[in-house]
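Paired with subunit B in one complex and with subunit C in the other, subunit A is shared by the two complexes that follow.
This part shows the complex of A and B:
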């Protein structure tokens, strides 16, 4: 279950910025230089990870050429931060 | 992934910030013998969770080629220590570097936690080794007990920045203040049969300083040195290049030892001098080291 909006990652080269927030269904907004090439792959990864945390989630990803391992790590971190109830324990969970 | 240990020399150990995927994905291109993915000082407090997850994925899924992969976790005195181990150990790095090992108990505690995780994950026991980082005066004075605190301890490493701060002195260019600590940690590691790594040279622009410090470390008996920038790797490797004359003699010693074994002789003589066991072992070590510089036989010298 998601409690709040949270983000993970950076906009540096080879990384990606992921913002996750509670929603009724799984919604993905994916942007990046290679968005047409990687859109379906990214959708598959997001759905797979969302199943584990919260099937209802809005996920925005700005991809700066991240490898698949990086993408997975950032999406998981954003979901974990969004799943935490206690804001104080995780200051990075709140987007600036 | 290559395991560290006696069979694989680790002259250089390159620090890499654990939350920087762009740098980590280029690890095989830098030419270091081993890499140290850092979850401690190189990662901001608010990004510890992100770095931990990223490093776990990288270690599990990326092929680092021949590079030995180790991870520096946060210290046992932080809230991150247990979580770091829970996430990193299942990804099976060659070793984890435990910072601020103050006493044997610090190592025993890490050993117990790693052992439990290995059992829970069905991993081979003792597979993930410990590199114990000594960076306090108390840690240095207990170097041998720390080295012997657990079977999985594979290396001692010197943390010069924190140690000089703990001693209340400045780290200087010639490093006189670290002379005792270096000698002590090397001797403890040798007595326990472990590898031993020297501290980092922090001034990236001072190539001469790095060269002399790396040469000193090699002379004192360190097996390798940490690097904080890929540009430092070549100078570190150069410092461990075996001396040509010594290497020539090593080839002759190994040849004589092999001949003696074939002929069932117990005594080996090279250049008219008796050679005993430890010298033969050192000759083999030198020859292995020579391979890293493309020297595979006496004719290559």
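This part shows the complex of A and C:
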């Protein structure tokens, strides 16, 4: 279950920025230099992680050439933060 | 239906579909193997020699009027024009001349530069306007690459190596009608050199070929010096029809970029170390050895390792070859090599070295790499370290297409030196920007895998299975040898497996010619 919008990651090269917010269905916006060649891989990972949290989620990813492990970690963290009920806004100390 | 669509194709020895004929160009044979041409019989003399001229003594060659110079050259629609790319990203001659030709209403020209610099996006506009209908080059980058990959030219672009271009000129595949040759220093009779003047660029090795073979040669200069030009003449007056004086042939700050520095990137340094270790293990670094290395990424760092090793073992090499960087000139001046053979200078520190160092020798592109002359230096080379965009499980190299399938590189001397050198090492990171470098099959074969001896990354060294001797050397030296398939799997565990870009396989937008004139691969329109 997602309660709020949350993000993880940066726009540094070899990283990615992931923003997750509650939604009716699963929506993915994936952009970046590798958007065509890694579209299917990224969809698969997002679906896999989203299943553990919520039936619907809006996921925006700006990929700056992140490795798959990095991408996975950022998506998971964003979902984890978005699913925290106790806090109104995402307080995580990610660098702006 | 325009040319390039649904061409009849045949599979070459690398299982790549290539056309048997390109309307408007010529019939083609498929690539067979690197030295299959040795079986051929060629008795015809080279074509495209310079024409004889009847001129009165002391006739005037100088003009400052581009359009008059073009009129005098006899240029007509449909003809072929050429340029050299020695001014790199600082070049102002290609845009200046194309602009003038557009204003004069020319159409349907074939553009045959030795290569196109990164900065010449305006060439794409000339393709769209119909001024340029055919392109023969070593590469296509930026907007030009995108326009070609989108199918904006009807006739496939022909991409050749530096050696292959000279062969094509001498066999008559490229017939240059007018060559516009940027001349950093030139006298009123057309004696010119690249090693002096405010737009100095060093060697004029590619231009020398065009000067010898073009029907009409125009020197384009912003630096008219007293007659006779001295102390160096790279292209002599008897090859030059006209001297066109312009305000500027380019931006000196972009022509002579600062000396390339050795990378500090730890990944590059690891790659360089691995590449050097393999070179040392090969046993080729002995007295009289010869060596070629590029200027980017890990390349200079390899040269630095080689230099230290030569110092320690008191080894003196015979020659360094190629695109010449300041680092190679330092090695010459410090006595590590007897001579440097320079077809193209890479940075500022090289430019005046030819005047300073008698053993820094300007060679033309035919001498550098032409497979069909009486012997090119690339065939005398011991060791070459090359780069790559992608490599595949058969060691085929792509230096031309990006991950999105769009043209973005240049072939340069890659296939020439790989074929000629005793040891051809391709050095590249195992992944870049999150995308693995090893593919099951590269998008575009530019250098056939059978000429590549090893692929070196920061994660280990892959040796071409056909080089069992090299594999044994590497194992004996306890180098981190990995099977290329195993390395691919290792890297894909980190990056994931990318999808191949989608192409319209009925629409060929460019062809990669091997150095012997056979077809290596087809480049398709990107969907």
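Following the convention adopted for this analysis, the second predicted complex is superposed on the first by the 89 of 96 C-alpha atoms of A that agree within 3 Å, B and C clash if a C-alpha of one lies under 4 Å from a C-alpha of the other, contacts with A are read in each partner's own complex, and residues count from 1 in each chain.
Here, a residue touches a chain if its C-beta (ideal position, glycine included) is under 8 Å from a C-beta of that chain, and two chains touch if they have at least 3 such contacts.
The shown structure was predicted, so the numbers you read here are calculated from the model rather than taken from an experiment.
Asks: Touch check for A:41: first (subunit B), second (subunit C), both, or neither?
Replies: The answer is second: A:41 touches subunit C but not subunit B.
Asks: For A:33, decide between first (touching subunit B), second (touching subunit C), both and neither.
Replies: A:33: touches subunit C, not subunit B.
Asks: Of the partners subunit B and subunit C, which touch A:14 in the superposed model: first, second, both, neither?
Replies: Both partners, subunit B and subunit C.
Asks: For A:69, using the defined touch cut-off, is the partner it touches subunit B, subunit C, both, or neither? Pick first, second, both or neither.
Replies: both
Asks: Which partner does A:77 contact after superposing on A: first (subunit B), second (subunit C), both, neither?
Replies: Only subunit B; A:77 stays clear of subunit C.
Asks: Taking the contacts subunit A makes with subunit B in one complex and with subunit C in the other, which residues are shared?
Replies: Overlap of subunit B and subunit C footprints on subunit A: residues 13-14, 66-67, 69.
Asks: Okay, in this complex, where on subunit B does subunit A touch?
Replies: My answer: residues 20-22, 25, 46-47, 49-50, 53-54, 56-58, 61-62.
Asks: For the complex, give me every residue of subunit C touching subunit A.
Replies: 403-404, 431-435, 493-501
Asks: Which residues of subunit A touch subunit B in their complex?
Replies: Against subunit B, subunit A makes touches at 8-9, 12-15, 66-67, 69-70, 72-74, 76-77, 80-81, 90-92.
Asks: Using the touch definition up top, name the residues of subunit A that touch subunit C in the complex.
Replies: 13-14, 33-34, 36-41, 45, 63, 65-69, 71
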